[in-house]
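For clarity, chains are labelled A, B, C, D and E in written order, and residue numbers in each chain start from 1.
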Amino acid sequence: MHLARVIGSVVATDKDERLVGVKLLVIQPINSRGEDKGSPIVAADSIGAGYGETIFYARSREGAMPLPQPNACVDAGIIGIIDSIHVPITDEGG
Amino acid sequence: MHLARVIGSVVATDKDERLVGVKLLVIQPINSRGEDKGSPIVAADSIGAGYGETIFYARSREGAMPLPQPNACVDAGIIGIIDSIHVPITDEGG
Amino acid sequence: MHLARVIGSVVATDKDERLVGVKLLVIQPINSRGEDKGSPIVAADSIGAGYGETIFYARSREGAMPLPQPNACVDAGIIGIIDSIHVPITDEGG
Amino acid sequence: MHLARVIGSVVATDKDERLVGVKLLVIQPINSRGEDKGSPIVAADSIGAGYGETIFYARSREGAMPLPQPNACVDAGIIGIIDSIHVPITDEGG
Amino acid sequence: MHLARVIGSVVATDKDERLVGVKLLVIQPINSRGEDKGSPIVAADSIGAGYGETIFYARSREGAMPLPQPNACVDAGIIGIIDSIHVPITDEGG
């Protein structure tokens, strides 16, 4: 899964009918230090993520699984809201 | 899903028979500020997107789902036309 | 789907048996102006593409669908031969 | 599969229910010389990997297969812990 | 499919049980001129590829298909050993 921060939302009137009622957020992929990487993407949200929260999302078919309609044509979905990331000073510990 | 802008269309006479009747558009992936990123791709369209419109598309199997023939050999499909993107000035708000 | 130009072919004697009889072409991904991008890949061809032709191909499972044996272990397949790409001078028209 | 080193872990209270009980690690993709490449990702672990260990992981559906619940919405999973990588000085040897 | 050269192998004692008995090679992706591109990956091999050989591999589910156990959690597999690549001087011929 991939780390990202919620930075906005999308309004789309004309869309596939399986997306009706699905909350669509704009998320900015980040690295483990919270720095932006790459371009924002549009992800479905059924977890209840809010602006500014750090989340992790799944791509492809896995991204649609948390939705009420898991066979929606969604290829990125928010899977969880991150409370904290633990990265030790040394990564050789164990 | 990914943001893109419709920039053209494709004519292909010799193609897989499951693509007959499928509208094929050339779309330019963009970031949330509308700036181009990467190279254009060819996407199937069943939503009715037009030149210059901002859309979002799904990749892989999900991209073919909106088509009349969902098992077409399509790996990118337009899923919705974007009316507006809301990105607050600060992404720490709630 | 992705744009590419056919630049060569591959001979492979030792291969998965489901690839016997499958034509394997080397294709160079391009952008909508016909300029190379990234590295060439090996794609299966059942459409009859020839050297120098511009084609579009699908990735993953979708790439194997046009083959006589659609469950072949192929992750890129030529889907159509492009006659022309229409990209207006301004992409705001419509 | 892809090489990575375990660099941390993630705590997420609000998440898809199929992720309850799944250990989520932060892993840093590396090349064959152990050097970092790209950004860390979040991967499920059912092998028992520890901080600092070199592992290989699978993406997409394959990443969820080792989990007790293989249909979890997981798109990256640790598949094995690497004891050693053998790369000869010359790669032309046989 | 993608071109690569076999550059090494991996020993992993702790791994998903479906990988027991599967030969795991380290392969370096290359372009059509044999030059390295990107970072090495770990691929399953059931074709019998050896050090220094040029191969092509499939990603995702397609990569596991040649294995005795096709539902192994493998996302990259060697599909064929390349005898020769034919790339004409001009790619407009044909």
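One rule holds in what follows: a residue touches a chain if its C-beta (ideal position, glycine included) is under 8 Å from a C-beta of that chain, and two chains touch if they have at least 3 such contacts.
These numbers were taken from a predicted model, which means no experiment stands behind them.
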Problem - Any chain in contact with subunit A as well as subunit E - result: D
Practice task
Could you please state the distance in Å, as a whole number, between where the Cα atoms of subunit C are centred and where those of subunit E are centred?
Solution key: 19
Handout entry: Averaged-CA centre spacing for the pair subunit D and subunit C, given as whole angstrom
Key = 31
Fill in the blank from the handout: Residue numbers in subunit E touching two or more further chains are 60-61
Exercise for the section: Just walk me round the ring: subunit A, then subunit D, then whatever comes after, in order. Expected result: A, D, E, C, B
Problem - Of subunit A, residues touching subunit D in the complex - result: 1-3, 29-32, 37, 46-48, 56, 58-63, 65-66, 77, 79-88, 90-94
Exercise for the section: Please give the residue numbers of subunit D that touch subunit A in the complex, ascending. Expected result: 5-16, 18-19, 24, 26, 28, 39-43, 50-53, 60-61, 64, 71-76
